[in-house]
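Chains: A, B, C, D and E, in written order; residue numbering restarts at 1 for each.
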Amino acid sequence: MSEKDMNSKVSEMLARSEANAKNSGKKFVRPEDEEREVVAPDGSIIKVNPIYDYFSGARPEEEKPRNGIVEKFLNWARAESIWVLGFGTGCGSIEIPPLVTPRFDMFRFGVQMRPTPRQSNAFIISGYLSVKTLKRVIRTYEQMPSPKYVLALGSCTINGGMYYDSYSTINRLDHYIPVDVYIAGCMPRPEALLAGFGKLKELIKAGKAEKANEYARNFDWYKANQKKIVKDWNMPDYNW
Amino acid sequence: MNLKDILTPFTAWSRVVKDPVTIKDPLSREGAPRYRGFHDNDVETCIGCGTCEAICENEAIDLVPVEGIETKDGDSGLRPKIDYGRCCWCALCVDICTTNSLRLTNEFKWVDTDPDNFRFIPGVDEKDWYKKEEGWRKPEPNYHFYPQERVKMEELGPEERGDSFIEFVKGYSKEQAQQEADRCVECGICIGTCPAHMGIPEYIKAVRNDDMEEGLKILYETNPLPEICGRICTHKCETVCSVGVNGDPLSIRWLKRYIADQVPAEQYHEILDTKKIYKDDKKVAIIGAGPAGLSAAYYLSLLGHNVTIFEKLDKPGGMMRYGIPEYRLPYDQIDKDVNYILSLGVELKTNTTVDEEMFKKLQKDYDAVFVSTGLHLGRSTRIPGSDHEHVFQSIDLLRKITAGEEIMVPEKIVVIGGGNVAMDITRSLARLQRAKYGKVQIITTSLESEEEMPADREEVVEAREEGATIDPGWGPKEIEIVDGKIKGLHVVKVLSVFDEDHRFNPKFDENQKKFFEGDMIVESIGQAPDLSYIPKEIDEQLERGPRGRYLISEYNQTSVEWLFAGGDIVVGPDVIHGIADGHKAAVGIDNYLNSKK
Amino acid sequence: MTIAKLGYTLLGLFIVWNWGFLMGAIFRKIGARVSGRIGIPFYQPWINFFKSVGVRTTITHGVMYYLGPVFRLTGGIGLLFFMPLIYTGDPNGMWTNFSFEGDLILILYFQLFGMLGMAMGAGEGGHPYSAMGIARGLAQHAAVELPLTLAILSIAIQYDTFSMYKIVEAQQGGFQNWVLFTNPFAAGAIILAMLGAMGHSPFNLVKAPNEILIGPATEYEGTYLGFMQSAGSILHVMEAVLFMNLVFGGATSWPELIVKTFLIYFWSVFVGMVFPRYKIEQSITWFFKVPLVLGVLAIIVFSF
Amino acid sequence: MNEILDKIKQKYNAEDVTVQRERLAFVTVAKDLAIDAVTWLRDYEGFSHFVMMSCVDWMEEGKFQLLYLLHNPDTKIDIGVKTYIDRENPVMESAHHLWKQIWTYQRELHEAFGIDFPGSPRVDENFVLEGWDDIPHMRREFNTKEYSEKTYFPRPGRKTYDPATYMQEKLYPNQPVTAKRKDNDK
Amino acid sequence: MINKFLGFEPDESKLPSKRAKIGAEIDLSSQKYQKIWLGPNHPGVTGNMAMELWVEGNTVVKAKTHVGYLHRGFEKLIERRLYVQGFPTSIRMCVAEPDTNEYLIATCTEQLSGYDKEVPEMAKWLRMLSLEMARLQGLLRGVPGQGGTFALGLGVQWGVYLRDLILDRFEELTGGRVYHMYIIPGGVRGLLPDGFKARLEDNLKEIDDFIVRIKKLMFHNAVFKKRAIGLGVITPEMVDKYGIVGTTARASGVKRDVRKDDPYLYYDQLDFDPPTDTDGDVYARTWVRWQELIQTVDLLRQIMAKMPEKGDIRANMPNVLHWRIPKGETYVRLESGRGEYGMYYVTDGSDKPRRVNLRGPSYTHGVALLEDMLVGADVADVHALMVSLQTCPPEIER
């Protein structure tokens, strides 16, 4: 069966169940999946359809830090053990290999690469993001467990960089996912990246790197921004 | 699978005994000496020309005003502000920087949590990397983003030109003009400095695009005498040209001339779209057909007013015709510009001297009067012997030469003065001498030293080429007269011309003396206006400024509301100032006339 | 007595857990040094563990998904419980844990138990890469198990016992009594099979981080991952202890255990460092070729 | 070089032959002859290496120019076969049967310019974009900067001054500004 | 059809059905196959692209490449930039070997504006130096990288370290680490710094040592051989059919090297012979690249010996701010580390190019060839095949 057939089948099924629901007078969606309107932090009203809009099925929830010394100890552990997701999103990924190889060796600072989002807590957005990648980045970001940190590399993530006038790349990353640390450069050198990790460590140890909660808190605002540009919201048939 | 293939890879383990090659302290590692790191700007040398903004392909650079940096001639007072959310560190901005003030240091670490912080003004905002000496600078040698040398203007050699009064500057050919226009970086620093605020980058662009009609339109927006200005303008614009900071400034004047030269007079009406101008019933009188008067007349008639120009001499042009020798400004070119202005319906009354009586009549008959009579009285040195009949004022001689009158040309002449007029008379007399005697014996001396001489550099050089002796730095002391005939000029060495406050206060060294032989002395140390035609009662109403000049508003209105003044009598002796004055006065008169309704 | 023994066993577990972490760190440092790097600090695994435990988000794919790491941990702990750590001369003494007659069979089972736990969790996780990884894992494990079992059987036949304690006891009195020298075929089969069991190159395609994203553990995060790391470190040490007991004469003191397990583990790192990994069918073929032949030879030699 | 150009001229009425370099020439062939010319060059003249396929948008003339660039590995000659197709109804015969990679080029050109290649495999599938709902992005009339500003809202708060106008305003505050204004908020 | 009238019979055997489908038709509903995605979030995929694989067990039965994750619309962006502004933009088209892009865009503009004759000699030598250094750093990543795809990470560690040393030299010479922005229209942007040659020679000596070690580690490695030999065979017939170039073609016995076929700069003054092999599998491709590594080191030494000490670095060019190039079109190619790398450049007489189109080797290798090559391959080999074709996604989608 081709993709098109699959999609049409799915929509057919949806239509049928919707019709059934109408006929029976009952909603076929779970209450948390109902379409609703929410108020964004900037006051605008956003329409939300969880079935289509949320990659993770449910909206992320704010996870409060623990109290006192436990959290402090955990923050220290988090800072000294940063696991970076191996997702080369832009040209900055060319500077990742020097970091994991003899010259710069970020392992000694407790930073290492992990292949899967489930096991990583730091996400390096290495430069520009095309809309097509942004969609995957959001999905990947939402898959990562909290607390999670985002490092944004280079001009592109701050204000579009070289590609400020490109129809394909976004201009400012902080509209779509919260960013902890920005590193200037095009490309930032490995040393600058290490400095970025240093800054991130400081932030984590000070308990200031709670952007995952910020994302959960302002989820609708972020979603609204994402929805503005990700027009084809359906993922390809990833089956996991 | 053989045994060798299994065993050889294990040789890699030999590395385990070697020390790691890791950089121990990567965070304090320096970039290479040429590394393109973060920006630094020497704000003192920077002139805010904005070429960095123009070449930046990422629109990363803004020009913003900076506290403590004043806008002045040749410095826009703006400084580049760089957005590190855009920059790609290509350093094109450094490579094109006209003043070589922008550079990149070899610092490269900047980590921040707030994306809005990544905008800063290099050299102004405090950053700790300015102290780094190393980093990217403009490469050497022979690496320029625009040609540094101006295109040579073809001229007649001194031998050919010394004989006659024909124009010796040939003007650019099309290729030359385009090549020269190509050097412009379109910063627009010149516009503020040009008294007439001509759209210089735009008309240079027109030259580049070979669009003469567009160029002419731009010229006439601010300057109705392009042919004249294209030849004899004092080109203050070229002194501030940002291209000239490192290299030759653009020859803006010659490019202006090039545009005007390319368009035949017959096409002006069509190009400038002045075939039909609606005239109203307002009448304006202009006294003096010099640059200011003509310029005012042009813009007033464009605004639809009826203009009458009163000129004392028999031909219009004023100082342009009677003060500037023909080899610099041929009369037919003056006629070309003037005729076009006259063809707009401007009435010209030559050989009409305005006196007090007539002035009163003008006040009655016309709605407004614009006075631009210029400086036609020569100043005298008032040294002993300067009242001799063979001591002449350069301005009178020049007028006579233009009018074709016979003047005295002895074998030896001494000229006092270091300005452009002095050069004009020197070179004119030299031509006459050569025609008469076959050789040139003329000495020009001035108070100012060679470096301080107000005359244009090329004028001095060319005068020397034509055989005149320029010997600056001497103060005239006495004219020696023996038997009623002038023998020569005694001079003493000048130590300084201006005092600490930059006031005119020459100091002499009486011990160093010199004697310039000459049968005739020409004084060319400045001119004064002749305002005797203004009636007393009006003159009393007029407020005057510190140097006795009339005080005028920014639209050249005097304290008598119907009377406007402009040109040399209110600003310095300069064609382009006159033109600018005329334009401003035209706007002022128009405003006045409209407000009167 | 039993309570005291349990205490010693739990203490042993604690030591093994820490030693597993430390050994892991040391090997990563050695590996880094071969590459020319400095490598991780030696305390990094502990930080990683605490960090993993401190992750706030928990995702679940059902009960079996929880049980995956638990099973794996059980596999490791089971190995430890029923295997003598240190030979003291007293079959019921401390550090012999709950070794009993026939524990060899239980140990072989526990060795597989961890992998089965992974399979359970990975299957429940639903990620195709975990499914792929675990399929490979089980296939390879089967291939490893065959020569290993044959070799162990050969040793059992040699000493006529299924008690680990007795096998260790029989090897005492000098290295010439080690199975390594008394039964070289079985030892060869075990040493080669060990490469597969330890999960290093060329037999690490179960995880294959840059191919199937860490394989079975793709979906695990946070506390589960922390548990898995612990289970992994315990399993690694215990497998080394198993091979030490089987082939290298066991240990009579903690230092000896540490040195021997280190060296045994080093063997797989030594090979893994310089060889790429096999594809699954190549790996299986390899195990069915060399170690299996050795295992069969070992059986033949001691059966007849 | 000249020999082969003469042949193309003869057989396919090639016009507009430009020899750019010693071993690189471009020829223009009518639309319905282009694929035949390419086939002929490949099969009979040894131009077996297909370098690239490209399209140029001559918007002012209402044409798309397609280019098939071929290379002869023996004589080291490159020939670019150009053909013009109508911009309003851009359809071109597919050449995917000639070289294996051509369907990729055609897929890209279909997405970037909206040219249709009937019969070319997967030509309707997205190539680089996903969910694109504007005009084909490589067409000249598509203004990428405008689109970017509209869609991706750049970081606000930037303002630049034009030196010429700024100087006039500062130095001559009460006079009209004659320089052309370039100020804009970015 | 016209050919028939002209008397030429096209070889029908070379013409498959015009409506041919690419790849097999897979019916997922048969439950026989599983579909998996490799990428874009996948550490093994080169760059940022996705492979959609239909697998039967561990065997791929159908593959589709998905690109566009790195699409920035370079060709569109360069159309609205001045000629000189285009060159910093162009570099980002392929990160692995950025200098090639610089050279192409500079040479295209020079050729069309007629300034190609005026580029100073020194600048040309420096261009060659930077191009060969770029090739060297690419190979230092690429050759051991092939081992990395089979989880032989050790070589990658050494290689990337040495690549870093070359990047240090780049930093000294050009001021940039990864994006050098060195070859500018008209010339280059700087002479050799003092002591550069000596330092580069030091690095080359280290690389010589590495070349031997990597040979022992990879090419005399039983497992590497087992994995790589016979994998992803490209027959010489496929070379023209798929437009295969560079080392990939040379590993199949087809000697294609732009440096020899269409010499640019001063390559005709250098003494070298592009290495070839006949097997056409992954091992052969890696082996050819390893030989090329030796050759590149040798070429760098030759260049350093032959280049003059001083000289002009840039031709006298018009003002870059309004540089116009008359209407024209050209195609410029060079041999990058991955094969023929070319650019089609069209100007229309304005100050901006009309069309810039890049022809990278990845475009042909990474989509059509890879998709066909993956059919029947093991999932474990997908990554290795991709790397062996030196796929660089940003160059495919630009």
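Here, contacts are C-beta pairs under 8 Å (C-beta built on N, C-alpha and C of every residue); 3 or more make two chains touch, one makes a residue touch a chain.
All figures in this text were calculated on a predicted structure; none of them were measured in a lab.
A.B. asks: What chains touch subunit D and also subunit E?
C.D. replies: A, B
A.B. asks: Give me the set of chains touching subunit B intersected with the set touching subunit D.
C.D. replies: A, E
A.B. asks: Please identify the chain with the largest separation between its CA centroid and the CA centroid of subunit D.
C.D. replies: Chain centre farthest from subunit D's centre: C.
A.B. asks: Using the mean of all protein Cα atoms as the middle point, what chain has its own Cα mean nearest that point?
C.D. replies: E
A.B. asks: Among the chains, which is located farthest from subunit E on the basis of C-alpha centroids?
C.D. replies: Here the answer is chain B, farthest from subunit E.
A.B. asks: How many angstrom between the C-alpha centroids of subunit E and subunit C?
C.D. replies: Spacing between the chain centres: roughly 44 Å.
A.B. asks: So how far apart, in whole Å, are subunit A and subunit D when each is placed at the average of its C-alpha atoms?
C.D. replies: Taking the mean C-alpha position of each chain, the two centres sit 36 Å apart.
A.B. asks: Find the geometric centre of each of subunit A and subunit E from their Cα atoms only, then give the gap between the two centres in Å, rounded to an integer.
C.D. replies: 32
A.B. asks: Taking each chain's centre as the mean of its CA atoms, how far is subunit B from subunit E in angstrom?
C.D. replies: 55
A.B. asks: Would you pick out the residues of subunit C that each touch at least 2 other chains?
C.D. replies: 32, 34-38, 128, 209-210, 213, 273-275
A.B. asks: Considering subunit B alone, which of its residues make contact with at least two other chains?
C.D. replies: 9, 12, 20-22, 31, 57, 59, 83, 85, 88-89, 115
A.B. asks: Going through subunit E residue by residue, note those that touch at least 2 other chains and give them in order.
C.D. replies: Correct list: 42-44, 68, 71, 73, 76-77, 80, 88-89, 154, 157-158, 161, 177, 179, 217, 221-222, 226.
A.B. asks: Any two chains that touch count here, so list every such pair.
C.D. replies: Listed by label, chains in contact pair as A-B, A-C, A-D, A-E, B-C, B-D, B-E, C-E, D-E.
A.B. asks: List the residues on subunit D that touch subunit B in their complex, please.
C.D. replies: For subunit D paired with subunit B, touching residues are 155, 157-168, 170-172, 174-176, 178-180, 186.
A.B. asks: Under the stated contact criterion, what part of subunit B meets subunit D in this complex?
C.D. replies: 48-50, 53, 59, 61-65, 71-73, 76-78, 83, 85, 115-116, 119, 187-189, 191-192, 197-199, 201-202, 221-222, 554, 584, 587
A.B. asks: Show me the residue ranges of subunit A that touch subunit E in the complex, using the header's touch definition.
C.D. replies: 1, 6, 85-91, 93-95, 97-98, 101-104, 113, 115, 117, 128, 130, 132-133, 136, 140, 162-163, 165-169, 186-187, 189, 236-239
A.B. asks: Tell me, which parts of subunit C touch subunit E in their complex?
C.D. replies: 34-37, 128-129, 132, 136, 201-202, 204-205, 208-213, 273-282
A.B. asks: Under the touch definition given earlier, write down the residues of subunit E that touch subunit B in their complex.
C.D. replies: Residue positions touching the partner: 81-82, 84-89, 154, 161, 168, 171-177, 179, 181, 187, 189-191, 193, 213, 216-217, 220-222, 225-226, 312-314, 316, 318-322.
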